[in-house]
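Same chain, two partners: subunit A is paired with subunit B first, then with subunit C.
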Partner chain A sequence: MPEVIIDGQQYEFEGQHKLLQFIQDLGKEVPFFCYHPSMSIPANCRQCMVKVGQYVKDRETGDYETDENGENVIRWFPKLQTACNIDVADGMVVHTQETDELVRRAQKDNLEFILINHPLDCPICDQAGECPLQIQTYKYGPEGSRFEVKKVHKPKRVQLGPRVVLDAERCINCTRCTRFTEEISKTHQLTITSRGDKNYPITAPGAEFDDPYSLNTVDLCPVGALTSADFRFKARVWEMNQTPSIDITNGKGSNIDLWTRDNIILRITPRFNADVNDHWIPDESREAYKLFNENRISRPQQKLEGEQILSSWNNAIATLTEQIEETDNSKILFIGSPHASVEENYSLGKFTNLLGLKQPVFTPHIEEGTGDGFLITDDQAPNTNGCRLLGFTELDGASLKKEVKKAELVVLLSDHLIDRALLSESDLADKFVIAFATNHSETTKAADLVIPITTAAEHAASYVNTDGRIQRTFRAKEIRYTNRRLDLEMSEGRLDRYGTNFDNWVTEDNKIDCLPLWSFISEAAKSSGLDLTLTEGREIMEEIAETLEPFKGVSYPVMDEQSGIQLSIKSKEKTKA
Partner chain B sequence: MSTADWKNYEPVIIPDIKDLDKIDVYVKNGGYKALESILKDKKKWADPKSVINEVKEANIRGRGGAGFNAGLKWSFMPPADGGPRYLACNGDESEPGTFKDRKIFEYNPHIFIEGALIAAYAMEITTIYVYIRGEYKAYIDMMEKAIADAYEKGYIGKNILGSGYSVNFYVTYGAGAYICGEETSMLESLEGKRGYPRVKPPFPAQKGLWGRPTTINNIETLAHVPSVINRGAEWFKSVGAENHPGAFLYGISGHVNRPGVYELPSGVPVLELINDVAGGMRNGKKLKAVIPGGSSTPVLRADQLDGITMDSESLRTVGSMVGTAGMVIMDEDTDMVDVLWRIAHFYHHESCGQCTPCREGTGWLEKILLKIKNGEGEVKDLDLLLDLTTQMEGRTICALADAAAWPVRYTINRFRDEFEARCKKVIKASNKAISHQS
Partner chain C sequence: MAYEFTKEDLKEIEKIKAKFPEVMPATLPVLWVAQKRFGHVEPEVQKLVAKTLDLPEAHVHGVATFYTQYYKEEKGKFVLDVCTCLSCQLCGGYDILHYLEKKLGIKTGNTTEDGMFTLNQVECLGACGYAPMLQVTNDKYVNHLTPEKVDKLLDDLKEGKEPEYEKIGMPRRKNI
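Our next item is the complex of A and B:
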C-alpha cells in the first residue's frame, strides 16, 4: 500500500487525498484559513505551508535510492508547499511546523502579514473566542508586530443584506464567502472588489446579499469580517453552552447546534453531517431560535367564559381525564403531529391505545413549491415520516375536517391547524379542544385547555426526516422542573467549568413552566387508572424499537454514534415529502 | 551572425519599411509566406508536429520574461480530441520599462498574426485570442483592423488558403491590471472573471481557457516564428547569444539620448546598447544604474556592467535577469530611494490581493520606503525590508511577490549607502540625556 511519511511517522493511504485534509484526518494539525473541505481550494491564504519532498526512485529497479548511510535519498521541492492543494503521493516526505524550523518560520511570517492590517479589536469582535485567526495567532504567530506604519482603512459596519454585516478591515481575503455564493448557494451575490490590500467582499452595486443561505458565510468567515446582524453583540462565545440538535423548521432535519445562555437560546449554527446538510443550514432555520424563547406557553391555560386563564397542572390533568371519561369513545379524536417528535407521537398513540380509542390521525404539513432541492424542503415539518412509520392515519385537509366534524372532543398535539388554514375556528367552536402546544397561536387560542409541552430544545427526542433518516435532539435548556446540574446529558459551557457562582443560569423566568408530553400523559394515565409510565425519550425509543418493526435497531447510543440512522421508507413517502 | 557584429543585423520584426502595418505592404515584402509554406508545402512540413519540432529546435526563449523554449511549450499540448483548444497571445505588456509589443502592434502587426496562425496550426488550435492591455486603445484598434484585413485576404477564417485548416482570431483587452499579464490570470480575465492567478497544476496546457488545453505565448515570441519557418531553426540559432538565441526588441528608456525600441541580436553588451545604440547618456552625464529587463529584474550598478551582455547567462553572473529586455538607464542624478519607492508603489498598487504575503507585503514595503524617502526612516527599517523580501519570495501562487521583492532586495543591497544616508540619525540614549539637561 502507498505510504507517506509525515514528521518522521509512516502512514499508509488509499485513494486520492489532499495533504492538509489527510493530516487533519490523522488528528494532527497544520494551520489554515481559506481551505474548506466542501469548497474549491484557492490556496490563497498561504498559511498551511509545509516542506514536501519525495523519495528518489531508481528508474530501472523501481526501488528507493539510498545514500551511503542507507537512508532514503529525498528530493525536496525547491519552495515550501501549501498542504491544502497538494496530493498525497507514495514516497512523499512531509515536514510540518512540528519538525521543521523553516516551516514554523514561514507560518509565523504569514501570520505577521495577515495581522498587519487586521484591527486589534478582539475585545469588541463577535468572532473572538471562536476565531481561527485568534487561535492560530496564539499558537503559531509572532510575539509582536514590526509594523509601525499606518494600517489600511476600509468600510466598516456595511449592511450587506438583511442578515449579514461586513467589517471590511477585519477581512483577510480568504474568499470563503465568495466561493460559498458561487459554489454552494449558487446565487453569486458576493465578489471581491478592488485590488491588493484594499480588497474586500461586497455585493454588486445596489444589490442586496439576501441569499437564503447567507448566514453560512458568517460561520465560514475565519475572522469577524462577516457577522450576523441578528446575533452580533448579544453574547460572547464563551458565555454560551453548545448543544447538538436537529432543525425543526423543515423536513430536511439539518443538524444544528443550539447556543444557550441562562436558558435562552441565542443562536443556531449548523453542525456537520455529510449525509444530511454537510456544513450548511438555511437562514430561516437559524431564525427558529426565537421559537424556543418567545411566545412560549407557560403553565396550563383553560378557557372560562370565552377567556383563557392560567390554570394549574392538577386541573389540567383532571380536565383531560374528565373529558375523556365523559365523551363517547367514537366521538374522541386524537390528532398527532408531524411537528412533534417520534417519542411524543408514540406517547400519544400509546395513550389512545390504552384508552381503547382509535390511533391518532395526522396531516402532513407540505407546501408545494417552497422547497429548493437543497436544504429547504416543501415539507414544513420535521417528522412527517415519523408519523407515517408509527402507523398514524394520514389525512388530507378535507378528510381531517370531516373527522373533526364528527368528533366532540379533539386532542391536538403541537400542530397549529387553524394557522395552517386546515381548520377554522368555527370547525372547533362546538367541541371541547385540548391542545398540547409549545407556542401561542391562533389554534391554541381556540382551545379550551392548553397544556404547555417541551420544545426540541428542552427534551431529547427523535425526528425522521424526508429521506427517512432518524436523528435526535439533546436538552439544551431547563424547564421549571429540571436541574441541569443533575442532568449528565446537558452540555457544559466554559462558564460552567471556569466561571463563578454568579455565572450560573439563575434567571427563573427564563425557564418555561411546561412538561414533556410523555410526563404529562403518564400523570394523566395514572389518574385514569391506566398502567402507563413513560419516563424519558431514551427509554421510549427503546420501547419503540422493540415493538415497532420500522424502528428496529434504533437507539440513542447508535444514533449518537452514527449521527442518525437511515430507516427504510417507501419511495412514495420520500417523493411525497 | 555572432553577437560581435550586431551592427550588421537586419531587423526582421520591425524593419525600416514604410506602411508595413498595411497588409498589402506586408505581403509584398514576403509576408504570409511562412504560413503558406506550412499549409501547402507538404514535402517540407509533413504534419503540424514538424512545425513544432522546428520551433523547438530554434529555441525561441519566451520573450515575456520567463524565457521558456516556445516550441517545447507547444509540445506540452495534449493530442487533439475534437474539443476546443486555444492559443492566448499575451499582449498585456505592463511591466514598467517594457514597451516592445506595442511596437509590433503599431509597425508590424501581421508578422505577429502570421506567427500566431503558424502556432495555432502547429498545435491544431482553432481559436486564437490576443489579449492587449486596455491602455493601448490605439493599438487595439490597429490590431482589429489588421485582423479584419487578414480575414478578408483569407489568411484567417474558414479553409485558409484552400488548405482545409480553419481558425478564428479575436482581439480582447484588459482593464488596466498588471496582474492580467500573468498567464493564468489573463485566462481568468479572458473568461470575464476577476484577474486572479490560478493555482498550478493543472497547467494551462491541460486545463486552460474554459478548462480546455491552452497555450499562452508572448507577442514578440510569436513574431519570431515566421522567420524561423522561412529561414530555418539553424539561422535563428546563429543570431545572438548561444543560450538565448535570436533577436531581441530592446526597449531602452531613461536618461539616454535616443530612447526607443531596437531590434538587435541578443547578447549585445549593455554598455554598447547605451552608448552606440541609444546615443549615449543624456547631457553627458555619468551612468549610475541599469535595470536590464523590466522593473522586477534586479538593478545593476554601472561598475557591474563591464563586459556584461544582454542574455540570461551573462546577466546571471552579476545577479540579474534579461526579463523582457526593457532596459531602464539611470544617470548619476538619479535618487535610488525614489526609484525604489516608485517601483514598490507600483507593485503595491498592482498586487491582486489573492495571496497573503503579496497582498500585505507589497503595501508594507511601500510604506516603509515612503518613510525612508521622507527622511523618517531608520537603518533598522532597511533590515526589516530585506527580511520582508525573504518572507514574500516564493510563498505565493504567482511570481508577483517575487517581482516586488527582488527590486527591494537588490536595490538596497547594491545602493545601501544611499539608503542609509537618507535614514534618520538615531540619537543615542546618552545624547538624549545630555540634551535634556541643557
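Our next item is the complex of A and C:
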C-alpha cells in the first residue's frame, strides 16, 4: 500500500487525497483560511505551507538511495508547498510546522502579511472566539507587527443584502464567499472588486445579496468580514451553549446547531452531515430561532365565555379526560401532525389505541413550487414521512374538513390548520377543540383548551425527512420543569457552568411552562385509569423500534453514531416529498 | 441613460466570442469594445456587457474594477497619464505633472470643465528610457517631455490630432 511520511510518522493511504485534508483527517493540524472541503481549491491564502519532498529511488534497482549515514536521501521540492492543493503520493515526505523551523517561519510571516491591514477590533468583532484568524494568530502568528504606517481603509458596515453585513477592512480575501455563490448556491452574486490591498468582496453595483443561502457565507468567512445582520452584536460566542438539532422548517431535515444563552435561542448554524445538507442550510431555517423564543404558549389556557384565560395543568388534565369520557367515541377526532416528532405522534397514537379510538389522521403540509431541489423542499413540515411510517391515515384538505364536520371533539397536535387555510374558524365553532401547541396562532385562538407542549429545542425527539432519514434533536432549552445541571444530556456553556442561580444573567423568565406531549399524555392516561407511562423520547423510540416494522433497529445511540438512519420508504413518497 | 451596442459592435463581439472555447475569457476584450464605444465602463455599461455575454454581473464588475485601464466613471476625451515613478520623477515627472495642473487649471485626478482632458498620476509605464513621459488614453506614449512639448500636445489634441507613434532607438555604446 502506498505510504506517506508526515513529521517522521509513516501513514498508509488509499486513493486520492489532498495533503491538507489528509493531515486533518489524521487529527493533526496545519493552519489554513481559504481551503474548504466542499469547494474548489484556489490556494490563495498561502497559510498552509509545508515542506514536501520525495525519497530518491535508484532507477535501475528500484531501491531507495541512502547517504553515507545510511539514511534515505530526500529530494525536497525547491520551495515550500501549499498543502491544500498538493496530492498525497507514495514515498512523499512531509514536514509541517511541528517539525520544521522553515515552515514555522513561513506560516508566521504569512500571518504577519495577512494582518498588515487587518483592524485590531477583536473586542467588538462578532467573529471573536470562533475566528480562525484569531486562533491561528495565537498559535502560529508573530508576537507583534513591524508595520508602522497607516492601515488601508475600506468600506465598513456595508449592508450587502437583507441578511448579511460586510466589513471590508476585516476581509483577508480568501474568496470563500465568492466561491460559495459561484459553486454552491450558483447565484454568482459576489465578486472580489479592485485589487492589491484595496480588494474586498462585493455585489455588482446596485445588486442585492439576496441569495436564499446567503448566511452560509457568514459561517464560511474565516474572519469577521461578513456578519449576520440579525445576530450582529447579540452575544459573544463563548457565552452560548451549542446544541445539535434538526431543522424543522422544511422537509429536508438539515442538521443544525442551536446556540442558546439563558434559555433563549440566539442563532442557528448548520452542522455538517454529508448525507443531508453537507455544510449548508437555507437562510429561512435560521429565521426559525424565533419560533422557539417568541409567541410561545406558557401554561395551559382554557376558553371561558369566549375568552381564553390561563388555567392549570390539573384542570387541563381533568378537562381532557372529561371531554373524552363524555363524547361518543365515534365523534372524537385526533389529528396528528407532520410538524410534530415521531415520538409525539406515536404517543398520541398509543393514547387513542388504549382509549379504543380511531388512529389519528394527518394532512401533509406541502406547498408546491416552494422547493428549489437543494435544501428547500416543497414539504413545509419536518416529519411527513414519520406520520406515514407510523401508519396514520393521510387525508387531503377536503377530506379532513369532512372528518372534522362529523366530529364533536377535535384534538389537534401542533398543526396550525386554520393558519394553513385547511379549516376555517366556523368549522371548529361548534366542536370542543383541544390543541396541543407550541406557539400562539389563529388555530390556538379557536381552541377551547390549549395545552402547551415542548418544541424541537426543548425535547429530544426524532423526525423523518423527505428522503426517509430519521434524525433526532437534543434538549437545548430548559422548560420550567427541567434543569440543565441535572440533565446530563444538556450542554452547559461557560455561564451555566461557572455561574450561580443568583447571577443577574440568569433568569427564570425564559423558561416556558410547557411539558413534552408524552409526559402530559401519561398524566392524562393515569387519570383515565389507563396503563400508559411514557417518560422520555429515548424510551419511546425503543418501544417504537420494537413494535413497528419500519422503525426496526432505530435507537438514539445508533442515530447519534451514524448521524441519522436511512429508513426504507416507498419511492412514491420520496418523489412526492 | 440606456446604453446599447451598435450592430457593428455586436458583430465584433461575436468574433471575439468565437476565439474562445468559453464565454468568460471574452470579458476583457468585450469590455474594451464597450469602453471604445462609450468612453468608460460605468456600472450601467458593465451591466450591458454582462447581459450581452450572458455572464453574472458580479463577475464583469470584478474584472472591470481589477484593471485600472478600464474607466469606471466618465473621463475626459483625452486621459493624460503622467508617470511619476522613479525614473520619470528623477527626470522631472512631477514638474510636468504640476505644469499640466497649472495649464489645465485642474488638480490631478480631475477632468477639465470642457470635458477634454483628465489628468492622472500613474506608476511606471515601462518607458524609463524616455523619461519623463505620459500616455494618452491608454494608447500613445509621448516621451522626453518638456513644457513646450506639452503645450504642443495639448494644442494638437484640442484640434483632434493624436500624437504620432514615436520610434526612439536605445542609445548604444560602440566600443565594446
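Please note the rule applied: the second predicted complex is superposed on the first by the 567 of 577 C-alpha atoms of A that agree within 3 Å, B and C clash if a C-alpha of one lies under 4 Å from a C-alpha of the other, contacts with A are read in each partner's own complex, and residues count from 1 in each chain.
Basically, a residue touches a chain if its C-beta (ideal position, glycine included) is under 8 Å from a C-beta of that chain, and two chains touch if they have at least 3 such contacts.
Small disclaimer: the values here were computed from a predicted structure and weren't measured.
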Three-chain arrangement built on subunit A, subunit B and subunit C clash or fit: clash
Touching partner for A:A207 - first (subunit B), second (subunit C), both, neither: second
First (subunit B), second (subunit C), both or neither touched by A:T191: both
Dominant toucher of subunit A (residue count), subunit B or subunit C: B
Touched partner set for A:P123, first subunit B, second subunit C, both or neither: neither
Which superposed partner A:N173 touches (first subunit B, second subunit C, both, neither): first
Candidates 25-33, 43-51, 187-195 or 223-231 of subunit B: the single one with C-alpha clashes against subunit C: 187-195
On subunit A, the residue positions that both subunit B and subunit C contact, one per complex: 191-192, 194-195
Partner subunit B, residues of subunit A touching it in the complex: 41-47, 49, 78-80, 85, 106, 109-110, 112-114, 116-117, 146-147, 149-150, 152, 172-173, 175, 191-192, 194-199
Residue ranges of subunit A in contact with subunit C within the complex: 178, 181, 188-195, 202-207
Interfacial residue positions of subunit C with respect to subunit A in the complex: 43, 46-47, 50, 56-62, 65-66
Contact footprint of subunit A on subunit B as seen in their complex: 177, 179, 194, 196, 199, 348-357, 359-364, 367-368, 371, 384, 391, 394-397
